[in-house]
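Below are structures written as structure tokens.
Look for subunit A in each of the two complexes below; its partner is subunit B in the first and subunit C in the second.
And then the complex of A and B:
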């Protein structure tokens, strides 16, 4: 019993260190494969006011749309498939659903539709599924994944008709749906938007100035500081948690990891919404330019949080929350063009690629 | 020679996978009281949680160290940090806390993650 009480939920942290000079670096692939991003936070040490280019990049994130009460079979609409799915990148995710309890839907830019269903819903749908990886004894969740670029999933194909019939008659799922399109925007999504109640939303940007911020002494190798401590500290700064505690404090003993220094000023900027990876990639390029020009900063940090209730994690692998809902990556950029990338997943995710 | 060394440095690619290495877990939780007008300070909330640990796991449970990182007195929501090995004990005692000063209460939506900023976003 004691052993069970001390059982640690499975966590994975993948740390990569490389350089932008290295042609084989995986950074773009990792950013591109994390499809559903909720929040991006940037920490700029030794910076007192928002650099104009970074400010423009953060304010330049595209609008996204929330469609209320969308029947899921509409995602198989021929017009929608032609104008949006087969032309550019569509990002779509059910909104207000809990991934462990409710039916969840994700539409990925590579044309894959993923439905995460409970047993009853799955049996009503009558469509084949993948084996769900995280429940070994009694399967409680069923993941149906189809690719609209497969020949059987083209309109009129056998799989297409079967799924359409299932979603129209046997399991008429209706969800609130977040959707965005790159680069088409509203025009490409017109087949959906014209039929249902929808609203357009702009990502919200916030900026916080921090004075005399204790910072760990970060260097481009992985030796200087334990990555878990650095990520804890970055999270604490982002969540506005104080790290100035003594070991005898009653409420909290959280402190900045050693060795540390003090930044006279720092800027914490964040944008939240339904953010697409293309624009995060652009933001990373702007951060590199800023770091090149900055005289004082030797590093900057960027953290990207995924949606807790997304049924997919990196590259479309299935995920759920249950014990722990980690889905984020942190990127530390250094002045010498090297970077450290930390990709974290929780108890019920596969390892990042 | 210097240029060669630079190129070699630029070509470095290192990947390390750490499994179950997170020293801490973070919980975002929200206290719901029968009488909504009652307010608690951060110290009172922490003492309340310690009393729950003591009831369930005795003196050893009460000695479990955890941090109350952030607390909002208006919404009664708190961000807790605990050593990963103490997560089950803290989570179970939070779940079973049912009474505060004679009135019914519950702690909603303990949701665990291994970084604090992730816990902040999790809905109760």
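And then the complex of A and C:
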């Protein structure tokens, strides 16, 4: 039985290598399309203390808001749509709802609202769903996807009225909602914040200094080091798992990929919360300038994790956590302005673009 | 017969339907006189006056009792489905498809249900009410689709005008006659604060047959 499980692809890893000099590089598109980011962790080898600019960038992530017990029909409120969705970009995700059990809600900056519902909730709501592409049975989750820029979804349109009645009377969904707005400030989110209980949170930053860390020799050539083992090692460092593989320890058999060197010191910084892709982009620019200035380091690694309970993955495509689905991407920056980008997702999702 | 009845003016809406014109009193009298003179046969012309006075005229032959018995022994055969469809017996014409026309039917139905359940008080046992409702007739009830496998049916509300084996025909407040299949839907009926849910999958019998049939518990009520 184990052999059968090995044959079925459980995860999908897409690796891309390009340079910042190349006009057609798609890094900004990839970063921008990963809407819901939970955690960003940065690994700086040969670095003893946090560089001030990087520190400022990490601490400069904007705050986000948690609204308690928000009825979902309020997301269709006309004032909210006018101020937040059509002007600026709003990111919203239901909090504390498990994507395989409870109804989950995601609001994307391009004006799309995605409701991931179970069978009973969908039968009560009375709004048509998108066809689910991946399983033939397709009876597990029902995804209702709505685009507010459609003509039928403008306030007063037929589809809008139907969804509003559905969410108000037939299926009164109430969720805790994480929301953030790109140009920032509470004014754009005022229609929601003024009516419900909300709290403001800042992303939490943590820094760890590691001594004598075995690091693989990474070059910008993709063939030098197998991406799977590099990602395994990066994850081990981030999770503080020892890579010594000593015979006396049975906890971990992870090893640092060969060829390797030992870095006298390394810095692991992470920030977690409800993070904005625009600020991640800014952080990548800061990392590039740090790498240009630094003499010792030849590469820098950045990993961005998505939410476990998000109903969407890349660019608002559907996602199901039942098929091993944590989406994340790892970016390896090198001194010569090249980068390697590894995008990971479950095998039954749409391939990242 | 009252002479006044024969000589009344035709009501205006009927005159349009029949396509005749109402004439003035003097003209009508003259016409009637002339018509009767022409209709009376020749040989009795001398006795016109006698003819025109009121006498009971037997117009139809009285049948003998034997023929009548033979005729009534033939039973009335019903129409088969083909004939029913051809005659459109169950077809509701568009001019009759109005919500207000069926509101009195709804009130009748409420009375019927309240009487059936022996007065629906707040203290009534819901089990008892359910048992009565299972055998009851729902023509005239206001039903709402609460859940359905097809999302576009959810939320439709109206008065039930016809119940067939597999569908309900309801008329909504917008005067639209909607046909809702019973399968894979759950309907809600509300009387005096009691809300009953009807699972359409289990309800696929003709209204008349349902009152005699026993319901068995089999399978799940999941849609």
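Please note the rule applied: the second predicted complex is superposed on the first by the 332 of 353 C-alpha atoms of A that agree within 3 Å, B and C clash if a C-alpha of one lies under 4 Å from a C-alpha of the other, contacts with A are read in each partner's own complex, and residues count from 1 in each chain.
As a working rule, contacts are C-beta pairs under 8 Å (C-beta built on N, C-alpha and C of every residue); 3 or more make two chains touch, one makes a residue touch a chain.
None of these values were measured; they are calculated from a predicted model.
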After the subunit A overlay, clash or fit between subunit B and subunit C?
-> fit
Based on the superposed arrangement, let me know which partner A:337 touches: subunit B (first), subunit C (second), both, or neither?
-> first
Tell me which partner A:240 touches in the superposition: subunit B (first), subunit C (second), both or neither.
-> first
In the superposed arrangement, which partner chain does A:227 touch: subunit B (first), subunit C (second), both, or neither?
-> first
Centred on subunit A, what angle do subunit B and subunit C make, from Cα centres, as a multiple of 10°?
-> 100
Scan A:122 for contacts with subunit B and subunit C and give back first, second, both or neither.
-> second
Which holds for A:258: it touches subunit B only (first), subunit C only (second), both, or neither?
-> neither
Superposition-derived comparison: subunit B or subunit C, residues of subunit A touched | B
Partner chain in contact with A:170 - subunit B first, subunit C second, else both or neither | second
Once the structures are superposed on A, label A:200 by its partner contacts, choosing first (subunit B), second (subunit C), both or neither.
-> neither
Would you give the minimum C-alpha distance from subunit B to subunit C, in Å, for the three-chain superposition?
-> 28
Sites on subunit C touched by subunit A in the complex | 146-149, 151-155, 223
For the complex, which residues does subunit A have touching subunit B?
-> 4-19, 21-22, 24-25, 38-39, 41, 222, 227-229, 231-232, 234-236, 238-241, 250-254, 303, 305, 308, 321, 323-328, 337-338, 344, 346, 351
What does subunit B use to touch subunit A in their complex?
-> 9-26, 42-43, 46, 65, 67-70, 79, 81, 84-89, 111-123
In their shared complex, subunit C is touched by residues of subunit A numbered 119-120, 122-129, 162, 165-166, 170
